[in-house]
Amino acid sequence: MGIPTQDTAPPPPPTQPSTAEQKRAARGATRPGDRIFLGLTRGSGILLLVIMAAIAVFLTYRASLAISKNEGNFLTTFDWNTSADPPVFGIAVLAFGTVVSSIIAMVIAVPIAVAIALFLTHYAPRRLSGPIAYVIDLLAAVPSIVYGLWGALILVPQLVGLYSWLDEYLGWTGIFEWQGGAPRTMLTVGILLAIMILPIVTNVSREVFRQAPQMIEEAALALGATRWEVIRMAVLPFGRSGVISASMLGLGRALGETMAVATVLSPDFLIRASLLEPGGGTFAQNIASKFSEATQFGRDALIASGLVLFVITLLVNGAARAIIARRKEYSGANA
Amino acid sequence: MSHAAVTDKRPSTLRGAHLPKWFAWATAAGSLALAVGIGLAAGLQSKIQWGLIASILFVLGTYVISASVEGKRQAKDRVATSVVWVAFLLAVVPLVSLMWTTISRGVKVLDGYFLTHSMGVVADDEVGGGINHAIIGTVQQVGLATLIGAPIGVLTAIYLVEYGRGKLAKSVTFFVDVMTGIPSIVAGLFILSLMLMFDMQPFGFAGSLALAILMMPVVVRSTEEMLKLVPNELREASLALGVPKWRTIIKVVVPTSIGGITTGIMLAVARIAGETAPILLLVFGGNFINSNPFEGPQQALPLYIYQQYGAGSSAGYDRAWAASLVLIAIVMILNLGARGIARWKAPKAGR
Amino acid sequence: MKLQRKNRLRALSLGAVAVSSALALTACGSDDTGADPGTGDGASTQAGNIKCDDAQGQLLADGSSAQKNAMDAWVKQFSAACKVQINYKAGGSGAGVTAFTQGQVAFAGSDSALKPEEVTASKEQCEGGQGINLPMVGGPIAVGYKLSGVDNLVLDADTLAKIFDSQITKWNDPAIAKLNPDAKLPATKIQAFHRSDESGTTDNFTKYLKEAAPDVWGKYEGGKAWEAKGGQSAPQSSGVTAQVKQTEGAIGYMELSYAKEGMNTVDLDTGAGTPVEATIDNASKAIAAAKQVGTGKDLALELDYATKAEGAYPIVLVTYEIVCDKGNKADTLPATKALLRYMASEDGQKILAENDYAPMPQEIIAKVRTTVEGLS
């Protein structure tokens, strides 16, 4: 497998330096072929900017229409009733639900994904690891609506036992209290999201671990280190920034996941202390399930919530970039 | 470092006590048996609990036995190994279950009739009907979206990597990141507002536009990464031979990374092929075959699955599973095709 | 190495064959599903009685999911007779009305009549006219429950309201026991399901609660969105139905056409002599007492939810088809008219009962027929 097989590669080597290249660029631009090609590529870039600007303007405009008529506080109201007169809606519940479900998904998925990635690169018999990696690759492409279908019809009934268990042993914490309803809750959503982002996080992490410098590993083994010690000292530090960026990629998908959440969750506009009680909701799920019956005004309100989701994803992405950029400077991995 | 091993019970050999090879298997079998026993005794219904108990027993058992025989360092190593194995098995279960359910339930109504007929006038709770209209819709919408999204994405990535410097490139990079975060339903709303402005009826191509918007940033990001992996020496060699920069890019840089670029595009295609939300708003759905994406409502597979699931009848569930199977199959075929192209086209780098 | 290369090529060509055969499949599809032996539902074919005129082409409609099952039956009969493809997307009443006022569909189905501002909006699409409500389908909203050992359950409006407001949380609550002296009520927790999306069904159900149990439900404003906190939720009537069937101790509301096997329905103690069962006949009695509040060609109805008439089931819903009285789009007018004419005809209304809906009362449907003929 000489070809990288995923969409975010490990920290790329720096390609841009040298004043020589700038000179080349300057000289190259004088040829007609170069000018046309430069124009074409730059044009695509600009087109992308134009689309973005159009979407942003449109979003903000529609959102402002809705928010100006909102009787409740957009940030703190625990309600979403856009067809009432006067309309009342707020994103408190959605923000909470989105964050909680994504955190659950990350807590479950990232360690397991890292373990699978290590399994594939350092533990599995070589003959097995190729096909398995390939299958996991394919699973990353399973549409979310199929995960939703599976979650609602297969996973949910299976979770009843786990729920009563959690309630029995951990119910005293308040977080795992359960009163026997169908397990269509935030915890289930978190578990389903974890399953959905697992392939992506695994793929990217695996790619990173595979590129860990073999010399150092062999040196450590030669010094008598156990396999775990090699991984802890030579592989994990090397792959840390890659794992972080992989997790962020997964987080991005978890935050914006729509159909799977909409099919599995039993939403309600309230925040429960217990993860095992129905209720709550996420931004994307709320848009999908409220959209069809919403009036024009209701749609504007949903767009306003979409704008918030947009901003949150933006922040997460920005944070991931910053982490990666900082790590890159002194990791030495790019040499 | 090897001090601990030397001070072990048997200092005469360098390796210290060692558990036999079958140890891991024996522990696994033992913990599994114990977990089944506990599960049966406590009357736990869910297989999930059985699995969790078995995994915990396995990891603990490995540590305790290994620590007492082989010493702490070896024990830690064994625990790491078993944790990794357990994590792998835990993760494989739901994924296998997903595939298995889709296939076993999907084949129930999946036959030639199902593939070659539309829903026509079949009601939600009746058996019969098919997905021909949805396949046509999905293939056309995704195809058109790829025709628009992929070239723009690749060209933008080329601009960013090969030419990009200064403010424009920086802002494009930034906004590509922002664009990745657009919820798909918002992209749909954007196109819908344009349609309303020009007083248009729902049609397939509108869905393609929204899908193209979702696709572009993904293609840009993956292509960018792939182009960055192309060694600078190749570019320099070509330029030194007097080849113009644009020909260098087309003949050297892009072919070198074509495998990765194609894979990136295919992954993007796979992602948009499963998008439901924008389709819901823009192409209307419908039960009849319409092979003209530029006029009249079209159906799409993800939307079809959602609608059949929403119908709530067992006939509807069957159709939803079968359509899921077909959708996955299409995505997989695309994926396999892309890999084939990638391997075939990729330069044979030394390995 | 060479061998491997060959294998790859073979795999590739296999992939290409698969793709092209998939494409080939799509090229020879058929819309003709009527001949499928599995689709016969026993309903007599009425094709002979349907007047098509010059109806043809494609008809788009969107709206209420409450009448989806009725629409399926109508469409099947209608398209057997006329060369019209009817696309009814049950996206919900709100979506239907929005799509109608934006001119994207020929007509909309809605569980509540147009609001004044929606009528204003519709004038843009209906040149020289406005959107009007044509009551076409009625039906009881059943309250379904699943509780093993209890096959017959009687509730009154107050108790029902308290259950859905999370004030009564156990099935053996004294209030329930008092209404069901003979039933063995378990101490199971009540799982009350409501709709998670906005819905005309919720609107009508809460209107009933508000009018018949003002002490409990009076604090809420009513409307398409569910306002009470607590309980569980699911999207669409089919979603609520599926959940109620799966969950022990569940109770939820849905159109009667959804409440088939797998659950029981609650009999309502309305204050009349005997508790009323959710049946089509009983719903028809309640609908017959409705007042017409629309003016001119608009036939919007007002229902009396607090009725105590003997045998009248008060939680009912009427679905309107919303069209322009004048200024319908010329290319879809013949098809719209032909379809609506068939829906309002005796044959069309007769089919409703076979599908667990209630036909409209004679005097109302007679007015609908006249109005449909006058559409332009």
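A, B and C are the chain letters, set down in written order, and residue numbers restart from 1 in every chain.
What we mean here is this: a residue touches a chain if its C-beta (ideal position, glycine included) is under 8 Å from a C-beta of that chain, and two chains touch if they have at least 3 such contacts.
On a predicted model such as this, the values are computed, not experimentally measured, just so you know.
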item: Maximum centroid distance from chain A, chain identifier (CA atoms); value: C
item: Selected pair, greater C-beta contact count between A-C and B-C; value: B-C
item: Distance between chain centroids, defined by C-alpha means - chain A, chain B (Å); value: 13
item: Separation of mean Cα positions, chain C and chain A [Å, integer]; value: 37
item: Residues of chain B touching at least two other chains; value: 343
item: Multi-partner residues of chain C (each touching 2 or more other chains); value: 235
item: Residue numbers of chain A (touch at least two other chains); value: 291-292, 299
item: Complex contact set, residues of chain C against chain B; value: 8-9, 11-12, 15-16, 18-19, 22-23, 25-26, 28-34, 36, 38-39, 41, 58, 60, 62, 68-69, 72-73, 75-76, 79-80, 85, 87, 89, 102-104, 235-239, 241-242, 258
item: Touch list for chain B against partner chain A, complex; value: 1-2, 5, 44-49, 52, 73-74, 76-77, 79-81, 83-85, 87-88, 90-91, 94-95, 97-99, 101-102, 151-153, 155-156, 158-165, 168-169, 171-172, 175-187, 189-190, 193, 213, 216-218, 220-222, 225-226, 228-230, 232, 239, 244-247, 249-250, 259-260, 263-264, 267-268, 270-271, 273-277, 280-281, 302, 305-306, 309, 317, 320-321, 324, 327-328, 331-332, 335, 339, 342-343, 346, 349, 351
item: Of chain C, residues touching chain A in the complex; value: 91-95, 97-98, 189, 191, 196-199, 221, 223-225, 227, 229-235, 243, 246-247, 249
item: Residues on chain A engaged by chain C in the complex (per definition of touch); value: 80-84, 157, 179-182, 184, 262, 266-270, 278-279, 289-296, 298-299
item: Residue ranges of chain B touching chain C (in the complex, touch as defined); value: 113, 115-130, 132-133, 135-136, 139, 196, 199, 201-202, 284-289, 291, 296-297, 310-313, 330, 333-334, 336-337, 340-341, 343-344
